[in-house]
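For reference, the structures are reproduced in the following blocks.
Next come two complexes, and both contain subunit A; in the first it sits with subunit B, in the second with subunit C.
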Partner chain A sequence: MRERQVWLAVLALGLMVLPWHNTVPSGASPFMPSALGLAADGRGWLWPLVLLLPLMFWAGMRDAAGQVFLALAIGGFALLLAQGFVVGLRGPSLDWVAGVFPTSTQGQTGFGWGGFVTGVALLGLIAHALALRGFCRGDRFAGSAVVFIVALLGLFVFFPILKLALAAFVGPDGELAIGPFLARLFAPEIWRLDCLTGGRRCGVVINSLVLGLLAATICTTLGLALALIVSRTSFRFKQTLRALSILPIITPPFVVGVAIIVLFGRTGLITGWGAELFDIRPTRWVYGLTGILMAQVLAFTPITFLVLLGTVEAINPTLEEASQTLGAGPVKTFFKITWPLLRPGIAAAFLLAFIESLADFGNPIVLGGGYEVLSTRIFFAVVGARYDLGNAATLAMILLSLTLIAFWLQQRWLGRKSYVTVTGKSDAGLASTLPFGLKGVAWAVVVPFVLFTLGVYAVVLVGGFVHDIGRWDLTPTFAHLNTAFAFEISANGVQFFGSAWNSMQTTLIVSAIAAPLTTLVGIMTAWLVARQDFAGKNAFEFGTMLSFAIPGTVVGVSYVAAFNVPPVDITGTAAILVICFVFRNMPVGMRAGLAAFAQIDRSMEEASSTMGAGGATTLRRVVLPLVKPAVFTALVYSFVTAMTAVSAVIFLVSARHNMATAYIMGRVEAGEYALAITYSTVLMIVMIVCIVLIQLIVGARKLGRRREFQGQTTPAE
Partner chain B sequence: MRKSTIISATLAGFITAPVAASANELVLYCSVQEEWCRLMAESFQRETGINVLMTRRSSGETFAQLKAEEGQPRGDVWWGGTGDPHLQAAEEGLTAEYQSPMLEELQDWAVSQAEASGFRTVGIYAGALGYGFNTELVADPAPGCWADLLDERFRDDIQVANPNSSGTAYTLLATLVQIMGEDEAFEFLGELDENISQYTQSGAAPIRNAATGETAIGIVFMHDAVAQAVQGAPITAVAPCEGTGYEIGSMSLVKDGPNPDNARAFYDWALSPAAQALGAEANSFQVPSNRNSPVPPESPSLDQITLIDYDFATFGSSDTRQRLLSRWDDEIGARR
Partner chain C sequence: MTDEIAIEFADVTKRYGTAVAVDNISFSIAKGEMVTFLGPSGCGKTTSLRLIAGLELPTTGVVRIAGRDVSQRAASERNVGMVFQSYALFPHMTVLENVAYGPVIRGEAKASARTRALEILEQIGLSGLSGRLPSELSGGQQQRVAVARAIVQQPDVLLFDEPLSNVDAKLRRKVRGEIRDLQKRFGLTAVYVTHDQEEALAVSDRIVVMQSGRIAQIGSPRDLYERPASPFVADFIGDANLISGQVSDGRFRAADLDLPMTGAEGAAQISLRPERIALAPGDGSPSGKVLSCTYLGSRWEYEIETGFAELLTSRPMTEPPIAPGTRVSLTIPDTAPIRVA
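Here is the complex of A and B:
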């Protein structure tokens, strides 16, 4: 019962010692800011919580089966939430509460350490009591993990979305009603179809859909062409192409858009050539749908390429060989055998690109001009002077619905037919080469794309270190680097004056904290799903995937709606940034973990627990070393995403905790392209260094396999 | 068993509680050009050792942020940006009353801004509205009046900010209403809309785009146009012949901000000639409000421009502002 005592001690700490609120309420004694002190000071609504403590001690001694204990812990947790939500910043939301506790009309601020520690302790006690009653086959560690992850998902994924959905129904007078929601939902500026019938603009949803469908089509076509060239022709630079496809993933947002403006803007380099050589009048054609599309194709084609490459390479060549043996030509083989087998991959790639395009924020905001999409409209409804949370919430719900429908279609499409071709039987055949005409088409599609990509990255590479790339002034200079990262070493030690230090520091710290936490939560969740049986497992798995489907803009708005007010009042802190990253990226760690667990037989874990190790020891000593590749994937992904994400964090940054991407966006908006490009280059270098470091720290999976043949290791006599 | 407790506690432990504000800091909301904001923050930090946390946002956005943070403000000082949103913030009680000892050194227009708000804001610089055009893109005859902007040769070639987010663009709206009368002003803006390629978010973005040639004309404050010309861009600044309005860039203390003493220290410092001279260093050529501050030679001289008698009290009030902005949304913004 040591565990119970530890948790009870933590509970006592949270209720009696630590400051209950994040600021000491006015009029309260600063010496007793704990729940106990505040309750004694006249804030009567805290008494029930405080009195819980002796009750639980009593129950802990008397109730061996844990029934009463469990009820008390759950009741306590409910009480904690209830008091927090009912008594808000400006007094209680229920009238009778004000009647019973007159002092509650003064209101209370959000939870401080005391409130949070109390919550954690109560959750620990709930998990403990549940384990006593046989939850997770009595494995206390697994039981606690389930309880904590469910609570965290509830607080940081479902609660914000719920709060956001509610905000969509709040009218201008602050009352909940269906009317304002319907008015916002059916506003003509959302659904207007004018542009199809010759009018000026379409609604913002139509814009988003048109952009998403076009981007997905082009990206999938390009991705397929690239995948076919890499896997089915004697193309020489396959490894280079694969390595290059990583580039857009570590490219900070906005910089591609800026490079496109530098190349194709009205005074851009290529526009200039066009004007000189062919006498084309320079225009602003790049702003709008075309420009966004160009940037998105560049950014998302590598993703579709990787998905489709996997599909193409997984097709068992014996099938194609059989087709050709039976007399079909290469063209017929391709369309009758290869193409149908590619379809699920194509569908997956298409939907992935579609979802990415819908969620994209960085490119539309730089290149959009007057072309508004959902993500930018949501942004301006929250941070602009046209502040209207209700409208933002409605648009966010629409965006979320579109994304969920796409996800659902993807699951459905892939779930219906069997496309299994890797069977364990011999697949020693040779993959058929591409039909000649198709090869030509593929090259014709790929070459302009590769040239375009090279051009954009050349601008990125050069732009930071020349005087003014926007006006094509190519005098080399370190001035931009100096503006961003100047420092002086004086008697007071090192002083950082560069304007980018603040955001760089925050970004690195937040990413460095978020990455291991994301990995931890992701791998833990995978372990629970793959290896433990507990009630509600399917719902649990679905919940974790949901947090992946929510577009970043929606996450950002929902966090603003949920965490800008007590009881969990954490906007403006670094914690909210970390939390946001952990729960957005955790599903990737989980997927990587699930794949790894599928390869590892349970027998090793069973052996470990037979020999007396508990769940935690088994996880640490047996499971984690075996899933190192998944740990690496999760760490790298979450680190890189934390460094480059913008759509969610743009809502969550503050003067104290500014992130690199938000800073870059400000520079782009102000037209300081060179500074933005310099910073992006520095970020990319930092990311590459960090990935190498992670590789060194995590290391490869060490299986006890012999590396050489026996005969070579034994010295000859 | 204890180990598992510790691990689950760590797992849950990162619900970090908010960190209390530390002592020697100042949270500065800045609404002028980034470069100037940076220089101000850096200089104040060097001089006092107070760590300045600065965010640059346009004045409309900052006003929205102050409103969103009402009840638990996180900023200390709001420095810069057109005066109207500052006056509105004063009217709505978002900013604090403070009479700086520096007030007596200021120009009359700066003091009257303070008096109009009950000393909740003060003028720090002034500048006239106008526009700038790219000489490589605009052929003769050069435009010189507001009316010239309606010329068909500028189709899709003019940029101005959105008055909802930018004080610059709101000043344009208010100026036209005062010159022409409200209905005529909206008629003019409706015709002008044909020539507008984009309503930007930030007030000075149009002239930056004109400087790089992405647009031919940007409607901005003249000092912003001059700043581009000084940096070598082919930009000519125009003071429109019909007369034009001007801004009184202002500064306010956020009410109940976390660091009130540092805020007042910054407030007094920002009104000193030394601090006001920093503007020219950062390529910002507004006319400073302290009588002893040097006026940069590049500054468009307010004496030589036809200035209208801008009614700050009326056009800075919440009612007028909201009415004009919602009319703009309905008649101009809705076309987009």
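Here is the complex of A and C:
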């Protein structure tokens, strides 16, 4: 009742008071730039929306739970979208609209505050009407959450992808046709196999696939070896290795590539030693497949390691003990029992690394040389001199299809992964140790990898603070730090001179806004999926999971395709950066949330609701305190990813809102490696400080009641 | 107990996709009454309870609480108290915070909510534990906190979802007595779900026996035990020997069994309680052979093979045991058989 009136008031505000467009369209001179004013000024297609207000008021008074009210709210929302999409910047896309409303040929600009607020109010009214009709067991808060999250996912995940798919069909004269799409899809530079026969280079899809398969194979092998060493030998630095495996996550994207160039480039350190000691002629061998592969192995092995460690540790030791009591030796037990149980985990890790490799942008752009992959080709088709959105869209669709197939395979595998069962009973058995021969193999695989990692991070650690690491000039200096982050404290306050301050500030602000929003959306979505029942829930869950599989490059180019033009033109703003991060990283928050909810007795929330608490109160007072670890994970992950993301952001930064990673990429392209490394080091330190801060803020209350997580309400006695 | 109706179901159905959990049931519960939903797992008893709570909304039909149609109202908009199977105490709140949660949520000032919570805790005998966390209580204490939390707001109806399933078997008898006392002391309308028929007989004014989503029978514990309306109810409430036979000329006949029976002629089924069949060595009519004789401490339990059924009978310890293999003649009082079909 009161809620309905609030939403109706918001609707009135959006339609009658706030400026409808983001800039007043040319040719219009209304007394007021709101929808009402514009309609009165002769823009007749806005009248139906304005008239919606009294209609909804009347229908609400009559029967808010009735079909008429709901139909009006949904119809109004459809109308809002329709008028925005049909009447574009250059007039209507449908001829009859121009006939009925002659003024519409003057066109209209994108939604301003009025348009957005109207949309929000209509969504709120839809949710209200649905809740009154029993949607989400009548819980208004949950109902609203579903409606708003669906609308947001629709606008910021699926609409851009759809728009991008359409762009792949747009011909040179702006017409929609299958011909240009087919021409782009079957272009020889995408598919050709010339590299196999010698001669020229292979197509870009072939390049991507070769890279992805190689990277996934190597990462999975290394990850498995590490996991086996950590869990099945008397390895003592288990916790250290686990902690170190988060290092690549907080490593800014280009720094590993730069370090590899510093070590192995034509004038690199190791190349130099090779030339001196063994008289190997320095070449540019590291640029291309080899270099990208090295960087990706470094970056993605920790991911496969964590996945496989989970799988190895989940194997019930009693199974192996049973095998041994039945007369199998350690080697036979490993290959007959342990290995088959590991296989689903290995498949999952492989596909994960494959997806990451395909989606990777930072390493190929630094180390690719002439070796082009899908993500870099897409980037150059949009940002380079030959701007060709149609081509970029086609390539993006191919990339998306590849990752979706891999994602689908992975889900299938994980879905069937029923071997590893968690029964909740304690398994008294001890995990058997690795057979001796295998142990040797594992160490032989792992040692070079660890040395390589140490070398790369040593360069990163030292590189920023010496004169020129690339030429082995190790004179300590703060010159690079000074270039980037010089400041002066004078009578007028602090003045920032360094060239990096601007991007650093934007990055911190955008990340600090995006992280809590991402967490909120992610945990809310998890809560809806885990705890609410509503029509279309399966599709909802599928949709949110799907957004996880879209590579950053595809997101970036789809945002360019969708949000450069009305009705929602927001490119060049800081908001689009925040939005991009929220919907890219939301699935991680969702997964953390889902895992947490699975461990919490659902009846606690039901108890709260029988005591009179609505969904929002229950969420705040019961759920959030119990899922605090998931909140922490989501906050840290979304913050760190926002700080280090590059693939989507690179399309969306502008001169006003530049991000740290884009700035670093500029330095790398200009060959200023030391500066790039310095900035990366500072970024890593800032991130660690921020993680500690988040821990203090989120974890503070936990310390006061440390016992709360020890015993849930288990049947005691 | 008054005749005022506290809860009413009118043609209520709950479907999950194509599965029907509750199939077109109607009943009403008077104010101050304690009613139990009893039935095997999957019979729809818990769903019915959750429909009262508002944790599920009916697909069709009307649910009324205190005369108000609440069919499409969320749980938070109904005035119900519920004791969950797992107790569902909030692990991050103290006992006092748990009990005061409802009043605070419903807008009561913190101080008066605390006072009220403390009062209830005292009445329930837990006043010394108000500062503890749930994890620091025993199972029985947790159970009582859950009850205190459910009744603190004087709900229109108090719901129990198998509240004793996590209580030690020995404590159960005591705790169920406490629950019944409390319900009478506060004059609460209560609905109780269990699959344990003994528990249901002990605590209820009336019992609703459910079977695959429908109501099999509603009645007082004594009604259900002594006058079951169907073979299912007879078998579910206590032990029953179900015997199929024919009714003609005012007699029920099955093999050598011949008992007086009124009602419609033709195929029929009767229920015989084990304790109502007397045994004596011999070969009268009806007769049978002892298959097994089990010592149960308080009584002997026999399995008897007869011409019409395999009978379960129980005899007091005061009678001497009869060895397996012995032929026995059976004595059945005319009032013992109950026609169930």
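Keep in mind that, in the parts below, the second predicted complex is superposed on the first by the 678 of 717 C-alpha atoms of A that agree within 3 Å, B and C clash if a C-alpha of one lies under 4 Å from a C-alpha of the other, contacts with A are read in each partner's own complex, and residues count from 1 in each chain.
What we mean here is this: a contact is a pair of C-beta atoms (placed from the backbone, for glycine too) under 8 Å apart; a residue touches a chain by one contact, two chains touch by 3 or more.
This structure is a prediction, so every number in the text was calculated from the model and none was measured.
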With the two complexes superposed on chain A, say which partner A:G614 touches: subunit B (first), subunit C (second), both, or neither. both
Task = Pick one for A:R133: touches subunit B only (first), subunit C only (second), both, or neither.
result = second
Of the two partners subunit B and subunit C, more of subunit A gets touched by chain B
Partner chain in contact with A:G310 - subunit B first, subunit C second, else both or neither | neither
Margin query: Per the contact definition in the header, classify A:G455: touching subunit B only (first), subunit C only (second), both, or neither.
Written below: neither
Touching A:R90, do we find subunit B (first), subunit C (second), both, or neither?
first
Ask   = So, A:L626: does it touch subunit B (first), subunit C (second), both, or neither?
value = second
Both partners, subunit B and subunit C, contact subunit A at residues 140, 614, 617
Residue positions on subunit C within touch of subunit A in the complex are 53-57, 72-82, 84-92, 101-102, 105-106, 133-140, 142, 149-150, 153, 159, 166, 168
Subunit B partner, complex, touching residues on subunit A are 2-3, 6-7, 10, 22-23, 89-90, 109-113, 115-116, 119-120, 123-124, 127, 140-141, 144-145, 148-149, 151-152, 155, 189, 200-201, 261, 265-267, 284, 287, 369-370, 372, 380, 383-387, 470-471, 497, 499, 502, 513, 517, 520-521, 524, 564, 569-570, 572-575, 578-579, 582, 614-617, 654-656, 658, 666-667, 669-672
The answer for subunit A against subunit C in the complex is residues 65, 132-134, 137-140, 601, 603-604, 606-614, 617, 621-622, 625-626, 705, 707-713, 715-717
Seen from subunit B, its contact residues with subunit A in the complex are 1-5, 7-9, 11-20, 27-29, 33-34, 38, 42, 53-56, 58, 60-61, 63-65, 67-68, 71-72, 74-75, 156, 164-165, 197-199, 201-202, 204-205, 208-209, 211-215, 233, 334-336
